[in-house]
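What follows is a single structure, and I will ask about it in a moment.
Think of it as A, B, C and D in the order they're written, each chain with its own count starting at 1.
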Amino acid sequence: MTEFTHIPWLSILIFLPLAGALLCLVLWRREELCRWLALAVSWGVFVLTAGLFAAFRAGGSGWLLYEDHAWIERLGVRYILGLDGMSLLLVLLSGFLMLVAVLVSWRVRRHTGFFFALLLLMEAGILGVFLALDLVLFYLFWELMLIPMFFLIGVWGHERRIYAAIKFFLFTLAGSLLMLLAIIGLHLLHTAAGGAPSFALDNLRGLELSPSLEAWLYAAFLLAFLVKVPLVPVHTWLPDAHTEAPTAGSVILAGLLLKTGVYGLLRFGFPLFPNAAAASLPWLALLALIGIFHAAWIAYLQPDAKRLVAYSSVAHMGFVVLGLAAWNQTAVEGSILQMVNHGLTTGALFALVGMIDERAHTRRIDELGGLWGKVPRLSFFFLFFSLASLGLPGLNNFAGEILILIGAFQTNPVWGATAFAGVVFAAAYMLRLVQGVLWGAARGALFWPDLEPREGAVLVVLALLVLWLGLYPAPFLAPLREPVADLLNVLPQGGLP
Amino acid sequence: MSAGLLFLILAFPLLGALGNLLLGELLLRRVRAAVAVAAVAASALTCLLLWPLAAGEGTRATLFTWLESGTFQVSVDILFDPLSASMTLMVTLVSTLIHLYAAGYMEDEVDTTRFFVLLNLFVFAMLCIVLADNLLLLFLGWEGVGFCSYALIGFWYAEEKNAAAGRKAFLVTRVGDVFFGIALLWLFALCGTLSISAINAQASLLGSGTLLALTLLLLGGACGKSAQLPLMTWLPDAMAGPTPVSALIHAATMVTAGVYLLCRLFPLVSLSPTGMMAIAAVGALSALYAASCALAQREIKRVLAFSTMSQVGFMMLAVGAGAVSAAMFHLFTHAFFKALLFMAAGCVIHLTGGENDITRMGGLRKQSPFVFWLFLAGALCLAGAPLTGGFFSKDEILLADFARATLFYRGIWLLGTCTALLTAIYTFRLVYMVFAGEPRSHFHGHALPGPMRWTLPPLALLALGGGLLNLPPLYGGKEHLHQFLGPLAGTRIHASHAVEWALAVLAVALFFLGWALVHWRHRRAAPEPVGALPAFLLSGWRADRLVERGILRPFQVLAGWCWQWGDGRLIDGTLEGAGRLCLSGGERLRRLATGRLSTYLTALAWGLVVMLGYFAWRIL
Amino acid sequence: MIVPMSHILAFSAALFVMGLACVLAQRNLIMILIGVEIMLNAVGLTLVGASALWQKVDGQIFVIFLMAMTSAEVSISLAMVVYLRRRKGTLEADAFDGMKG
Amino acid sequence: MASAIFYILGFTALAATALCITRRNPVHAVVYLVNALFALALMFYQLGAPLVAAWEVIIYAGAVMVLFLFIIMMLELAPASAEMQGPGWRRWGPVLLLSLVILGCTLALLGIQADQDGVPAFWVSPRAFGAALFDQYALAVQVVSFQLLYAAVGAFYVGKGSLRRRTQGEETP
């Protein structure tokens, strides 16, 4: 076991896609090679993450893997990576969804090499965010995943891509710049308090801060994370970005980027500012509840299938934030599980809408219809993932949602009961989507090819995972138990308002 | 006999569904149907074989831990006690017959794979509801049947209307599910477990207000699934599905799930007298409402749908009166005769070449005496003809109500009795319009396939003889079902023989009164009445329009407002306004950049002057 | 020091202001460049004076660097003058407003 | 005596500069500026910077100003001789006067230098200067020399570009 842990797995995990991205950039002229290279690298990363998951599936308290090297000595910036049960799950999800993203973008024809290079670069950034424990390193990765996404939307997107890309960029940048300020502020306060210059999470924790100062710094972190989540008043970048992004971009955006916000809150926001965080929980719950309904209502009216799925993301992330706000073992575990669930189902739905778009060249619900008669297999998966998304028990989203709801009800019955009412609207918009796309008379007499083996393989694997998580989520909950229990001790008075 | 074998009851339909899902396209059409039928039949057989396990307290079995987090722990565990065992047997038996019937009914369909997969999946989900030992597994089945019902109502999806009916069914029942779900969350918060037995055991420790709220929430859930007021609008539209689906889901099994849920949690529900009164009131009002609507319906299946709603109302009424055994008794007899009626109606539709409108039928008795006699058997049970299954079960419910001897329950009893009269009237109206007289129009009927014929007689036997299940002592019976259910059977009815006889005579009188009224009216082919009242009843008291105006439109307006004003104007508008402010600011600043060297140099000089001035000021 | 530093600074400032006046007042690119040269020389005088004041060689070394930079600047700017003259046929500074916002 | 010469040179430089910046004819301006530079060079010399003074003359007056003149001539910026009006002394008088003053000052300085027996208070010999330059400021020298190289390349590029543009421009205006 010591042999095993001495290998810097986490660095390998981050630098493998980075190297792949550089290779893709160098070989950009040879498109076919780039495609296969991206597939190989993402496959390699996935195998690594799966291996790590298999090795640490029992979980445990503290860091499962930890790396610490000096980096910029004068400022006390260190290269610290750490893996615990919480990041383990998200790292696994990243490894898997990146593979999916590479597979669904097999048909990208413009600047193929650059496309895959950006994908791999983003993978490195996302993995870095989930592993970094030094605030500067974290911020570096945080921005690293933003920029490739900007280009993915702006270059390979649909009609209004420039608008969407800039909107996405401005929203996220506004948040993250404030976070950078807060990071620097925290560092200076730490130094002023007599500590050695450091940006490491463990050193900055437990810093004595005046309440107003703590609130301001927390607010800066919170804004950066909530924009990424996104929670309701700052969510409007998401529908545009999702709608205009290429399929792989939407998959990653929904599946992984949104998770970084919640992860950041859990890993950095709450432990760094426990008092302010505890005070903010009821407000977070309020916003989450508003988000669940607001986004669901808006989703119901969307004419564009992709936009509808995008708004459903906002509603689902509302559930995740509600779980955080409830702040007990069940709810927080449910939130983290729900992040994985949402990544799988929404990723699959975006992939499916992308596949439909490739065939029909439209995503408008009123222009589609009767797909079941044309492409039954694709339609089957569409129905399946829609059901998962609307929270049918036995499929994955239900498992996460019920944990969140149970936990939320324990913390505050009104939260749990109100949020449960949200599932009606989830059913309303998902069924409207299904109705418009699958049922009705078939439109257009053109022959459509059903699923290719590549697409079929992706969807089958996703569907099996959805079933697994829905029926037997225990293996995915096991590594969470201790990290979440440790996390719960961070906030004063257990966070109960 | 191992308790683990109980899971085979669940596993067979699931395997059947999976098998057809994965391999169905490769199999012959007959093989697909055979797989589906065999799966359900195997389940029924297993249930019979394992019957001894149900005796007494019943048997528990756990498969694996489904969800575990913190104090929350839910396993996939089932409880095979008298209540669930009898329900299981009924579900599997009726399902087997209906599957067989469906094999014939769907002979000419293209996409039978989907049909049988969904049908098997439905049986699986229904059995989950019945057998579940915890509320979450029950909820899984609860939502599962909802989905299957949705997909089967919209089976002929090419018509937008059918799919829309399915969606309506799913959404309306989901509103009910929310109440059930909240009850589930609350029960967990109160009891720390979701096990049904544990909750029932702890129920007496809860406060009365809490109990009332929980009962009302559970009632809300039951109303959604069982199409009771006010969540009843979906059931008539659900008739858009294939007839076997209507027979299985919307008559025999799924719609009774709400009643079953209340029976399952009866120890909890019964602790709240106000809650019980609410249940009885909802049941009685629904029964009366649906019976009145059934009087004016023109489509054969819609008449049956409203009658289902009405009969389920009777069951709720029974639960409200505390008579679980009476409710279950009526549930069983109703399942038999209503399935029979639907399947016979399917035969009628088949014979008339897809005609659904009873005002255009007539004279079918001569064309197919076989179907006539079987339909009549079902109709007699429904109308409560003496000594049929429906007669005994309905009688027992009314007796239970009457026996409660409070003003409220007497009022409920009166409503129920009126409904019984209406039931006889609409039933005979249906029979007369379809079978009596001369054909009103010309049909190109199809011959009945074998499976559609010989699945009816067994059901007819069950329906007519259903009374034997729970024959009251008055008629020399031993109340088998009541005895078998034991402590689960609810409160005991105390009534003197005189009262029983009086009520029985009243029921018989009402039956014949109804028959006579219809017979008198239909002696000659009278035209359908037109006017405001029939139209009002035909539209189901305009409930759909009310929902449309009162809920759907405000919702759409609200959602549109959220979208256009909330997201569009408020959030994006603010941010884009900030952006525009920056742009216009930039536009003003841009004019300073003339591109001329002299401007820049002058500005430089002025800057120099300012700096020097500042230094000078500092020095002086 | 043969003269007080303040006198050197005064000379230097006078030279500088004259150079600046030239730069601001003249419209001809060549004359503007000449003004820049005058300003640079004024600075050079200050540096040399300071070098003498503090008895340090560094000021003079800076003047050498200054000269080197000036020659670089002049070579580029004169090349551009030639280029611009050929491009637009004039050396009026206001004729070149390609950077107008 | 030495300080008197310094003031004379200073005012000469100011006068020459004032004349320089008021000329309309660039050629005249350059000539006055050369005068001013000579005066400055002498002031440098008086302040103990002989090497700087020499370079002032060699680089500024010698190279840079000649380059200016060359460009002015090449671009034919000087107004035609017909425009230059007025009597000859008015055109040549100030230049001559200034040159004479500077010459006188130079001679006077040579005389003072010969008179004095000791070294001035501050005097940087070329040897000391070189030692400081290449010892302390070696890196800066490198940087500046690179800068000169870039300037040469840049000038070459700009000049070449204008040449190409011109040949093309004649074909397609």
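As a convention for this text, a contact is a pair of C-beta atoms (placed from the backbone, for glycine too) under 8 Å apart; a residue touches a chain by one contact, two chains touch by 3 or more.
Just so we're clear, the structure is a prediction, and the values are computed from it rather than from any experiment.
Participant: How many angstrom lie between the centres of chain A and chain D, each centre taken as the mean Cα position?
Facilitator: That pair's centroid distance is 68 Å.
Participant: Averaging over Cα atoms per chain, report the distance between chain C and chain D in Å.
Facilitator: The computed centroid separation for chain C versus chain D comes out at 11 Å.
Participant: Using mean C-alpha positions as chain centres, tell me how far chain A is from chain C in Å, no decimals.
Facilitator: The answer is 59 Å.
Participant: State, to the nearest whole Å, the distance from the C-alpha centre of chain A to the C-alpha centre of chain B.
Facilitator: 37
Participant: Looking only at which chains touch which, which shape fits best: line, ring, star, complete or other?
Facilitator: Looks like a simple chain-to-chain line, open at both ends.
Participant: Quick one: which chain pairs are touching?
Facilitator: All chain pairs meeting the touch criterion are A-B, B-C, C-D.
Participant: Touching residues of chain B toward chain A in the complex: what are they?
Facilitator: Residues 64-72, 136, 139-140, 142-144, 147, 150-151, 154, 157-160, 162-164, 167, 170-171, 174-175, 177-178, 181-182, 185-186, 188-189, 555-556, 558-560, 562-563, 566-567, 571-572, 575 of chain B touch chain A in their complex.
Participant: What part of chain C is in contact with chain D in the complex they form?
Facilitator: Touch residues, chain C against chain D: 1-3, 7-8, 11, 14-15, 18-19, 21-22, 25-26, 28, 30-31, 33-35, 37-38, 41, 44-45, 48-49, 51-52, 55, 57-58, 60-61, 63-65, 67-76, 78-83, 85-87, 91.
Participant: For the complex, which residues does chain C have touching chain B?
Facilitator: 20, 23-24, 27, 32, 93-94, 96-101
Participant: Which of the residues in chain D end up touching chain C in this complex?
Facilitator: 2-3, 6-7, 10, 13-14, 17-18, 20-21, 26, 29-30, 33, 36-37, 40, 43-44, 46-49, 51-52, 55-56, 59-60, 63-64, 67-68, 71-72, 74-75, 77, 120-122, 124, 128-129, 132-133, 136-137, 140, 144-145, 147-148, 150-152, 154-156, 158-159, 161-162, 165-166
Participant: Contact residues on chain B for chain C in the complex?
Facilitator: Those in contact with chain C are residues 589-598, 601-602, 605, 608.
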